[in-house]
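First comes the structure, then the notes that go with it.
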Amino acid sequence: MNEIQHDDADLVFHTLKKIEIVVKGQQEKFVCDLLQSCGVTGYTLIRDVAGMGHHGFHEGRLLFNDQASLVMTMAVAPEATIRAVASGLKPLLEKHSGVMFVTDTQVLRLEHFLRKEEAEAGA
Amino acid sequence: MNEIQHDDADLVFHTLKKIEIVVKGQQEKFVCDLLQSCGVTGYTLIRDVAGMGHHGFHEGRLLFNDQASLVMTMAVAPEATIRAVASGLKPLLEKHSGVMFVTDTQVLRLEHFLRKEEAEAGA
Amino acid sequence: MNEIQHDDADLVFHTLKKIEIVVKGQQEKFVCDLLQSCGVTGYTLIRDVAGMGHHGFHEGRLLFNDQASLVMTMAVAPEATIRAVASGLKPLLEKHSGVMFVTDTQVLRLEHFLRKEEAEAGA
């Protein structure tokens, strides 16, 4: 875990990983259950996003009903947690439309993004 | 293209670029056509987002109707593709309200984000 | 400020910081006022996002009314500006539900993301 100490002592940023997942609305529960079972402590959902493509190489424009039913989920956690999420998503994304991206991000309150055990272990 | 081999052999992340574009609703078609013509294989749209500023330096708070009509588009692709998108957007953003950001991101299924030719060339 | 000169001379990307903030709807005004007072020149709001957790370690699933009232705000600015925003948000996030993440991102039109004084100083 990177810890960059800045000049103002009370503003320490910690590097974690952000995962963004876009799936069909009917997979929302699967994704949320997976996030919780992997130890993600919180997430944000944007419902009714539209999507185009990413199901094989050349998918036509989706019907409106399909477009309206996608959900985007964002979660931030330590890399090991995000890897567990990615691993659990892989079979779903191989069978269904959907994408996930993983990005480095920084947070102030590290303990907020750790499971109780991780926080106590000083992860 | 970076390829980071992790400990679990079936979970290889590939570094690509994510572009996020926020424009007025009436430019949605332009953006989507540009993404497809540049070879982006998929994208996600969040409609009805609100925006403030970024049209010159000191724009007043937008009217509700304007706020409600913005659309945010996200796409992930190889750097060359994202540069082509950015290049195509530049004239639009010089004339109209709108912003774009480019961020490093990682994906598992690289072939999903490549055009058929790129995938076959082992890009 | 990093300036990476690419091969096509008119496509220069500048590295800035993106902050993403998720708070309850009733804190939207606080966040927007803070962004402006810190010198952010623009931001994007996604309203009616849902959230789970991140208020202490083990918050139960939020009621629908609470879920529907979250707002996600995104802003891109120089690091010093984003640090001022993060510093101003810290007390709010210590008392209320909410999260913020800071990510490196790149933009084409640097002057668009600077206050007039910063742009003139060639920041």
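Chains here go by letter, A, B and C, matching the order in which they are written, and residues are numbered from 1 within each.
The working rule: a contact is a pair of C-beta atoms (placed from the backbone, for glycine too) under 8 Å apart; a residue touches a chain by one contact, two chains touch by 3 or more.
These are the chains along with the protein names UniProt gives them: A, B, C = Nitrogen regulatory protein P-II.
Treat the numbers as computed from the prediction; the structure is a model and nothing was measured.
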Original post:
On Cα atoms, by how many degrees is chain A rotated relative to chain C, nearest 5?
Top reply: 120
Original post:
Any idea if chain A and chain B meet via the same residues, over half in common, or different ones?
Top reply: different
Original post:
Distance-wise, how many Å sit between the C-alpha centres of chain A and chain B, to the nearest whole number?
Top reply: 18
**OP:** Find the geometric centre of each of chain A and chain C from their Cα atoms only, then give the gap between the two centres in Å, rounded to an integer.
**Re:** 18
Original post:
Which residues of chain C are in contact with two or more other chains?
Top reply: 46, 103-104
Subject >> chain B residues touching chain C - in the complex, by the definition given at the top >> reply: 22, 46, 49-55, 57-59, 67, 70, 72, 83, 86-87, 90, 93-94, 99-104
Original post:
Inside the complex, what are the residues of chain A that reach chain C?
Top reply: 6, 8, 10-11, 13, 18, 32, 40-47, 76, 103-109, 112, 115-116, 119
